[in-house]
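Here is the structure we will look at, set down as structure tokens.
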Amino acid sequence: QQLTGTLKNIKETGAITLGFRDSSIPFSYLDDNQKPIGYAMDICYKIVDAVKKELKLDKLEVKLNPVTSSTRIPLLANGTIDLECGSTTNNVERQKQVAYTNTHFLTASRYVTKKSSKINSIDDLKGKPVVSTSGTTNIKQLTEANAARGLNVNIIPAKDHAEAFLMVETDRAVAFVMDDILLASLIAGSKAPGDYVISKDAFSKPEPYGIMLRKDDPAFKKVVDAATAAVYQGGEGQKIYDKWFTQKIPPKGLNLNVPIGPELKNEFAKPSDSPDPDSYK
Amino acid sequence: MIEIRHVDKWYGPGFQALKDCTTSVAKGEVVVVCGPSGSGKSTLIKCVNALEPFQGGEIILDGIRVNDPKTDLPKLRARVGMVFQHFELFPHLKIIENLCLAQEKVLGRSHDEAVAKAEKLLDRVGLKEHARKYPAELSGGQQQRVAIARALAMDPIAMLFDEPTSALDPEMISEVLDVMVDLAREGMTMMVVTHEMGFASKVAHRVIFMDRGEIVEDALKTDFFGSPRSDRAQKFLSKILSH
Amino acid sequence: MFASFDFDVIRRSFGYLFLDGMTFTLTLTGLSALGGIIFGTLIALMRLSGFKLLGRIAGIYVDFMRSLPLVLVIFWFYFLVPYVGQWVTGASRPISVGAFTSALVTFIMFEAAYFSEIMRAGIQSISKGQPAAANALGLTYAQTMRYVVLPQAFRNMLPVLLTQTIVLFQDTSLVYVLSMPDFLGAASKVAQRDGRLVEMYLFAAVVYFAISCIASFGVRRLQARISIVR
Amino acid sequence: MNYNWNWSIFFDPAPGGTGTYFDMLLSGLWLTIKTGIFAWIIALAFGSIIGVLRTLPSKTASWVGFAYVEFFRNMPLLVQLFLWFFVLPELLPRSWGLWLKQLPNAPFYTAAIGIGLFMSARVAVQLAAGIASLPRGQKQAATALGLTTSQAYRYVLLPIAFRIIMPPLTSEFLNTIKNTAVAITIGLIELTGQARSMQEFSFQVFEAFTAATVMYLLINIVVVTGMRFLERSLAIPGYIAGK
Amino acid sequence: MIEIRHVDKWYGPGFQALKDCTTSVAKGEVVVVCGPSGSGKSTLIKCVNALEPFQGGEIILDGIRVNDPKTDLPKLRARVGMVFQHFELFPHLKIIENLCLAQEKVLGRSHDEAVAKAEKLLDRVGLKEHARKYPAELSGGQQQRVAIARALAMDPIAMLFDEPTSALDPEMISEVLDVMVDLAREGMTMMVVTHEMGFASKVAHRVIFMDRGEIVEDALKTDFFGSPRSDRAQKFLSKILSH
């Protein structure tokens, strides 16, 4: 059978390129030796093994290429990277441009506040300054909720997560709306983790994260999907999950302490690349 | 009118530009200052209206001590007209505005008064029809005549000239010298740095010869041209008159 | 806020910040300045060449580059250079050039626009009589430029060139869009990963300030020395 | 390239229900223009004051000018904005800090002032160079007419110096507008910021950045044309700068 | 030696700087060109060694047509020495390097040969001990003498001078004129634009008077000073000789 697309390329060049993020803890980030590590990286290496096996290669070189939120799409499109290993939300709009393999994480949009500010529900945010990171699905949901519920909050866009969190830390905003897992890692890394609390209320249902690959490359997608499904279903997925979310992680030995939830457990049993949150019930 | 007494001036700590200079200019007198380049002629003349500060001695102008900290320098300077080698007209102002600016801002004359005065003076130097032009649109000789008119507009009690013709084309020198000769004949007190010995012998009462910051010779015109006493002055004269 | 300052984050990342980050920044600055001045001089010569078309092309290039934010230029070049490489070499797939080469090409092309304006001013500041005198001695156009005009223009403009290089030194931090480890990028990566923004940015401010001050002090010294020769 | 071009994306509704993606970019453009102009006014005002200080004979004045320029020029703009926005309020007394943080539109004002001060250092350097390039005689001529130092600057030196530095000022104006893109650091989502948001929502990266690029080109063409027009209408007939 | 035949020159389409100029300079002849400012003297002299292109007529230099496209201009120019009003020494090169540059790059002499030649010529103009200085360290008169030596180093068949003394202090003019007088006496072919009528009457064989791009008068020295035929020349002479 004739190889096409990405597989053909990998075979010809003997190399596969992974795109990584530099500070997306614990999915994909640099340790103190500037080596990219993380939950998504581990899964990607499993995929690489499967590709190597599929193509019957003795040696498959793995190249690593840093990406940012602005460069990940063009780099994927022009063939610089073959997989994006990070924490990219999988949704319908984005599926027009790229494909995702089976979901590796589910996270809902929540907010963090200082305990001292005594915010107990979304309605307590009324009229207050609330920050979120610009260009994320979270700020989109916040804007929509703001209009729908008449919250009248003052939405402040921030450049990145760390700066958004700093706005809460320095009292420029009372709350920071973001994926709850990212909030957990920001709190864990902060100077006084005890001062902060993540809300019970959510702005969204748990939404899927996926590893991105090029659209319209069914042969490659088939290999990648099979590889991830095997990892999740074979119990290896759970082991990797525990390594990054319930144990100490480099570089500072933080422990996020977020045990696996029922939705993700379900998904691991029945892997899916659906962008629809409802399908993960 | 102008008393210069034992003036010493240093540029920075190392270089003495004027050494114990003493001379005076009486009312209505025309004094020509000459000497080799770098001898301090410009410096001396700039000290007279305090454009350059000096460190020793004193200069008294119409009874006022120039180097007195209490002296209102802008007011004093307004009473002495000064004409520079490179004219220094203000290029962004029309000729008439060049003449009116200081009249209005310093003397506080009304605009109409200033314009009337300016037009009278422009007429006098033969440039009435150029009043609405910009300086760059005039020839060098014309620009220098405007500069003289600008100084005269302040009704000065004395005029200082620093090589007023040396940046001019040979043909235009005489236009400017003619205006200066007229001024001298009308009794204006004048101190003129120049190498135009023709002008000196025609209108100067006295000639001062400077060398290395010192006044080497200070003599009546006839004495100076007749028999300059110092070697240096003799050599200088012979060189500039040889061609 | 300062009571709880975490200097440990700086200590732990010191090697990364300086061995990787600062080395990268200084290399990129140095090579870009060199390339920018060479290309800038060529563009300036084009503009002053007296050939209308050549001058116009150079003029449009300069205006175009100067109208765009550097961040966008870096972005575009990163994605266009491989295709340009493919087109030039006639290869079957885009030439992957690597982020550093791409950034270097971008900075050289972008800074060349600025340096060319400086060199043009420098060349024009030399009195017309100088090239005339050189021509009258029988020197050709190239010799006149090489031995008479450019050495003087370069000397006259050295302070301005160095000032622009200091600006360039600060601007290299914009390669963060390509996620490259320049000094500021490295600092902000560590800062974001560890949630220590304030410490890192303050530290970066001090480092940039110190280096720029040393450089501009050097410029002043140099200016004083050169002005004796004139 | 495996990329799904979609130029009609601009007419799709943007998330947040405030209109299409095009409207989103337009609002960013408007913020860029507003911030740019505000910052430019500050840069000109402060730059002029500091530029003049640097040319005064007083040692203190030129030291203040020197320190100001070094301070604002030697840190990357990104870092400066960060410090003004996040660190400055913490250094102030608590109540002032709180007041600052609660100001509505704080990112806009911080960005405009921060960029303005950053650029003012460069304007100051340009202006000081412009003034220094005038013949020394211009200031002396103004002083000799009795104008005070501030009058000499106001009526003579600044009007000429600003005309001379018009071309580099145009560049600095362009730089000011371009530099607003850095203000994303403190949450000011101007044109580049909106293009970035648009690309994250829709994943149509190239369309978003193409639109931003074209918009920047358009503003800058308008600015350059406007400045050329200003330059021409202020040109002094016959006067060539630097002569 | 130099044949100028019906030369027309325009600057741009609108302005004719030379109108049908015809004259010639024989071997060993000294010709002085004078006339009011802007009359085209410099333009004429620059056309002779093709520093300015011209549109009509022809100039023949030592048998070679200057305006022939096939002529190797750098080589031709190297055979004619030219001295400018503002010396135009190369300020970044030492005196000796100023003299050697063209010898080595154009004539291809070895460095030692060039230095030997340069030192001989510096000695001749009395500046041997200044060989290792920079131009800015010399006085104007010394700089102009270096410029003459630099031109002589190329062993020119003729020398062109464009107002060589008009930028000099009065005292230094004679130093330079003395060198020129010597050159003339040794039989060098020379074309000299100058207003130094003393020099003209001492060494010139012929005097050319120009006005508005035309050669109005082309006469033997004695005829010119005796009775210039045109009104314009008469007026001009009277003005520049009057002071």
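The chains carry the letters A, B, C, D and E, assigned in the order they are written, with residues numbered from 1 in each.
Definition applied: contacts are C-beta pairs under 8 Å (C-beta built on N, C-alpha and C of every residue); 3 or more make two chains touch, one makes a residue touch a chain.
Chain labels with UniProt names: B, E = Amino acid ABC transporter ATP-binding protein; C = Glutamate/aspartate import permease protein GltK; D = Amino acid ABC transporter permease.
This one's a predicted model, so the numbers in the text were calculated from it and none came from an experiment.
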Touching both subunit A and subunit D (chains): C
Set of chains adjacent to subunit A and to subunit C: D
Of all other chains, the one whose Cα centre sits farthest from subunit E: A
Centroid comparison with subunit B (C-alpha atoms), farthest chain: A
Centroid distance [mean C-alpha coordinates] between subunit E and subunit D, Å: 52
Centroid spacing, where centroids are CA-atom means, of subunit B and subunit D in whole angstrom: 46
Geometric centre distance via CA averages, subunit D-subunit C, whole Å: 20
Overlap residues in subunit A, where contacts from two or more other chains coincide: 70, 74, 78-79, 163, 166, 170
Where subunit C touches two or more other chains at once, by residue number: 1, 75, 79, 197-198
Where subunit D touches two or more other chains, by residue: 86, 90, 206
Each pair of chains that touches, named by its two labels: A-C, A-D, B-D, B-E, C-D, C-E
Residue ranges of subunit A in contact with subunit D within the complex: 69-70, 73-74, 76-79, 93-94, 96-98, 131, 134-137, 140, 143-144, 147, 154, 156-159, 163, 166-167, 170-172, 214-217
In the complex, subunit E residues that touch subunit C: 46, 49, 51, 74-82, 84, 86, 88-92, 101-102, 105-107, 134, 136, 150-151, 154
Subunit A-touching residues of subunit C, taken from the complex the two chains share: 1, 4, 6, 12-13, 16, 20, 75, 78-79, 82, 93-94, 96, 99, 176-181, 189, 191-195, 197-198
Complex contact set, residues of subunit D against subunit B: 135, 137-138, 140-148, 151, 155-156, 159-160, 163, 236-240
Residues of subunit C touching subunit E in the complex: 127, 129-130, 132-140, 143, 147-148, 151-152, 155, 229-230
